[in-house]
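These notes open a run of structures that come right after.
What follows is a pair of complexes built around chain A, which joins chain B in one and chain C in the other.
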Partner chain A sequence: MSDVPLSATVKSFLRHETILAILLVVVLAILSQQSDKFFTTANLLNQGRLMTEVGLIALPMTFVIITGGIDLSVGSILGLCAILMGVFWHNLGLPLPVAMVLAVLVGGVGGLVNGLIITRFKVPPLIATLATLALYRGLAEGISQARSVRGYPDWFYVLGQGDFLGIPTQLWIFVIFAIIAAFILGFTTFGRATYAAGANETAARFSGINVDRTKLLIYTAAGLVSGIAAVIFVSRVSTTRSDMGTGVELDVITAVVLGGTSIFGGRGTIIGTVVGLVLVQALKNGLSLSGVKGDGTIVVIGLVLILAILASNLFSRNGDG
Partner chain B sequence: MKKSLLLAACFGLASSTAFAASAWTGGDELPTNPLACDATPGTVSAKPYDGGVPTNAPDRNGKKITVVDIPKLIGVGYFAATTKGIQEAAKELGNVDAKTDGPTKANIDEQITFIDNYVTSGVDGILFAANDPVAIAPVLKKALAAGINVVGYDANATPDARQWFVNQAEFNGIAKSLVDALAKEAGEDAGFAIVTSTFTTPNQARWINEMSAYAAKCHPNMKWLETVEAQEDNVLSFNQSATLINKYGDQLKGIFGMTSVATPAAAEAVTQAGQCGKIAIVGLATPNAMKPYVEKDCVKSVVLWNPVDLGYAAMQVLRATADGTLKAGDASVKAGKLGELKVVNGSEILLGAPFIFDKSNIAQFDF
Partner chain C sequence: MSFEVSARRVVFPSALSRTLSAYGQELIILTAIVVLFVVVGTIAPRFVSQNNLTSIFVGNAYIAVAAIGMSMVIISGHIDVSVGSLIGVLATISGSLAVAGYPVWIAWLAPILVGMVITSFIGVLVAYVKIPSIVVTLGMLSILKGGLISATGGAWITNLPPDYLIAQFRLLGVPSPVWFMGILTILAAIWMRSAAFGRAIYAIGGNPEAARVAGIRVERSTVMIFAIHGMFAGIAAILFATQLQVIQSTVPPNLELTIITASVVGGVSILGGIGTVIGSTLAAILFAAIGSSLIFLNVSAYWLRAVQGLLILATVLADMARRHRIS
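Then we have the complex of A and B:
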């Protein structure tokens, strides 16, 4: 096949996202053969519920990684926001809606601090957010003294456990956010600035793009969305704990990278991230339903991640050559 | 100017974590019930059944059932031991197909997802050890609503989210055993530290809470120096213990290990620091991990129940529940080789008093 030059149309067809989508269809087909419980509406909607928090954070993370950065602190921001919402409501006696908004704003501030450290002090994102990962988690534990806040009013659980028009509430939120994110990244000057900053930062600066402002906004958005995910998480599990969201950053990064966003920056799409997210969740759920144990599932996800990236590298090299 | 302001803000944020290092005495605000200072047994309050009921459960009496066991995490010795007990009971019963599956980290969210998937795939019974009693409740209620029999062991959920909970030993009993042992070994005015898993782990939080209440009542001169977190991680537990030894020097007369990982790691840290005999180690641990330290006289007593029996009892209780031989309001349940186990506190089944391993008996146990 290598002696036949790939035409431009075939090349664009064999984008990473397309390969991934084909892989997803194959995986779904196999998994629905393995268990009759997998391809049921109830199960699929339930999976949508379970993947929302990771999915929400994966949207701004796509932007972060496209700029060539990384944000390891999102799980810790989630934990901190969850704890603060409990503290604002339970300890300070604020009305719950106010506490929710404040908690999300704290998430934004957490993201802003990340952005400032990265842009003003020129600290590499990996190191800056590694530091704030520890800092925010420590704050969450210190503030909460490991005391859980429980007993939220019933209306609050609608967010994490209820549904709207038969579809889990949080899935609506995720779909709306995904559409907004895809629009911003694909059709606005801000989206183009994001790609430019990741593809060649120096060139972007010379062409008049305010790279620092772009990055600052992106990291702040990552914090804000982590705060929103925190509120949904608390509503879903009906309690706050300071260790909430531990390790979420890895699930988020897995979805984004599997979705074809280049860790070197400059390349990636929201649709890719969403397909990556759905693929990981389908594998976790489908393998479990067909009797594969938890440790086996992790191995399969690791293999799929490597295969997907190998396949897309292979095709893009053929295409370039 | 801007930079220095920002730096100041960062330091302000960081310094607010400092108050996390106080002598922490338990994360839950539940009431404590310290036992008497002498050997008077605690009173067990009679309460009506307060567990949950599965909806439209099919008749499973004597029929073959499939059971999944979802512990806090897999891959640690303690839950390998409970799994062994579950398998023993399943084999003995002959009409149970049991398997253990779960997350590799003690993480609330992953455990919930595992249970959720097994509810969807359709099992007859679920055994669980909760990472958080409240967070796990919605998914367990979903299992009950699907007609699945739900029994907990090791770490409880809110009572209405499961049918029964097999309690290995009462919290105040464990607390008394631990605190009394340390007071005896290190003296009534000993300064001590605690190495726990995380502040949010419900069992550990409950024990520490009860320990603080019991110490205040019966050993008021003991000094609580610090409680540190070490997950359920060997290396971290060792490092935390070594740090405590360096930090407090002669002030530190004892260390409590609250997990089966922390206790041997603390014993190793004391051994390597050459402090054997000067710093007492008292804690919860499995005998195999502690044998070397007990034989060298570095550790005098190890407190635990038999986790193999705990898993065995949990499986027997689940079978009895599925068969309908254990019903709301019963005062005891037959649990195979363990004989009759008592129902306490509404819907809990008590395995027995905590067991103390020492040089005289530890060699007889292998788990």
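Then we have the complex of A and C:
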């Protein structure tokens, strides 16, 4: 009974991802022509390092957007967790591993609060997370009072600056998280509940899916992962500041939406998000290597976002009739 | 006789609740503003001095003006996250024209027209090509922001001609930004309440299909809503550009969020409401007053965003509770 719509859905996934993959290949080909520094192992691995924080947060954000929601507060949670890790360790004198775990847990609590506001009080996600965006960033700024924390022990920098088997440490973390996320979304009842909640919430409720619990878990995960991203961020740049992660939400949402996840909910894949993420990072890096100023690359990314969605809209409309 | 009394009993609460549902959000914000001014004014009398009031209203009027257009966009069921970048671009265009020696009316008119062209383009992509507005404006945010910094390098525009600085004019002793904020808010509120097109904005946001069946041309109206939003962004850009002697040609940080927040807190939450534009203007004033009051209460400015966040949450939750009670 569900064979026909399911295969149609699979086709539409393939269609967007195919377009995106072709686009990625074309972009990589052009960029490698533009600069011989682009297609070197060292450069590509370094780019993997730079995209990890956005990439990590983009994974739960894919779930969030598939449920038809949005989370604008992830960048602020990142900033708050980074500050708190520094405060727990530097000011309160806790051992650094404990401080790291506590900071990540605070991220989870931040996400849980988002989820509660959205599910219990029925506040639209855009508005709820707009409020917590300001709140969490304000807490980070208020707690830090513009002071930064530096001087972390050497072992801590392994996370953000070290290698494992020749690959940047955080890239391993990202790949593992991406595989787990793809598995959960594609092969578990939780994944199916996520799609169902986004495609038709009322229908999902009637078919016995606990929509509120599903959303609560997803927003909590988004907070937790933002906390993990914060720890990696601090390790990568060696310092803690309250403005960390400002604007990250837009990068994350760009990667997810570029990857074919529908902002209306019910549609999207982790693999699409990963391709979207790589495309954005390749453009940023390749263009700046070929001499385009940093701000010019932002323009191109905006254009690519609109054009990619435009192309996939046109194709899918032709296909669905 | 007894029937009339009982009828009046029924009518009175429903009229009250209708008033509450129509103006509840505005009343909450207005109360918050009054309480804030009374409390902070008692603790620190200089808070309600002429100088400080002027700086609160004049320095933030452009946010209220931009929030009028944003409210229309949000009520119609869309959003524009690029408006901060747009205002940055338009302010730069306006200032550059003024410095280049063009007549001031061109420097005032150009940002309004350019703003309308850009937002109309957004509206076309949203309405006819069916790309979600958050995606279009996310892309537009990158394009405008990147384009502006690439073109200008964030340079300062100086030597602005004095007759161009419209935000520094006064009429009857009241600074012009306050006039702009007040008059535009009242006009927009009346227009949205009584004009057919104003009603159509609510209809489209409430249920596009029903609006279509009712004979509203949803696509064309959506483009027009975005165009009107661009007009307000243009006016806001002029007020922003002319409030000081110089313009920094970059995008003011967090501006889009401040504008969206003002609309959301004051405007978007009322079901088929009336006077939501008044709500967004009040919310913009409230935020400005809170920012200023922290200074007078000797609270570190670093806590400002946290206070704003709590305030948004409180208003939104109060609104949800009120709506629950009415329905």
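For the reader, a short list of remarks on this structure follows.
Simple rule for what comes next: the second predicted complex is superposed on the first by the 307 of 321 C-alpha atoms of A that agree within 3 Å, B and C clash if a C-alpha of one lies under 4 Å from a C-alpha of the other, contacts with A are read in each partner's own complex, and residues count from 1 in each chain.
By definition in this document, a residue touches a chain if its C-beta (ideal position, glycine included) is under 8 Å from a C-beta of that chain, and two chains touch if they have at least 3 such contacts.
Bear in mind that the values here come from a model prediction, so they are computed numbers and not experimental data.
Upon superposition of the two complexes on chain A, a steric clash is found between chain B and chain C.
With both structures placed on the common chain, the touch criterion links A:L23 to neither chain B nor chain C. Contact with both chain B and chain C is seen for A:L139 once the two complexes are overlaid on the shared chain. Once chain A of one complex is fitted onto chain A of the other, the partner contacts of A:A182 are absent, as it touches neither chain B nor chain C.
With both structures placed on the common chain, the touch criterion links A:S238 to chain B but leaves chain C unconnected.
By the touch criterion defined above, A:R147 reaches chain B but does not reach chain C.
Residue contacts after overlaying the shared chain place A:L217 against neither chain B nor chain C. In the superposition on chain A, A:L126 contacts chain C only, with no contact to chain B. Applying the stated contact rule after C-alpha superposition, one finds that A:I118 touches neither chain B nor chain C. By the touch criterion defined above, A:N285 reaches chain B but does not reach chain C. The clash between chain B and chain C in the superposition falls on 243-251, which is one of the stretches 63-71, 171-179, 207-215 or 243-251. Residues 121, 135, 138-139, 141-142, 145-146, 242, 246, 293, 295, 298 of chain A lie in contact with chain B in one complex and with chain C in the other. For chain C in complex with chain A, the residues that touch the partner chain are 79, 81, 125, 129-132, 134-136, 138-143, 145-150, 253, 257, 260-261, 264, 268-269, 300, 302-310, 312-313, 316-317, 320. Those residues of chain A that touch chain B in the shared complex are 35, 37, 42-43, 46, 50, 113, 116, 120-121, 135, 138-139, 141-143, 145-148, 150, 161, 233, 236-239, 241-244, 246-247, 284-285, 288-289, 291, 293-295, 298.
Within the complex formed with chain A, the chain B residues making contact are 2-3, 6, 9-10, 13-14, 16-20, 24, 27-29, 74-75, 99, 101-105, 107-109, 112-114, 116-118, 120-122, 132, 134-135, 137-138, 198-200, 205, 229. Against chain C, in their complex, chain A makes its touches with residues 70, 117, 121-123, 126-128, 130-139, 141-142, 144-146, 242, 246, 250, 253-254, 257, 263-264, 293, 295-303, 305-306, 309-310, 313.
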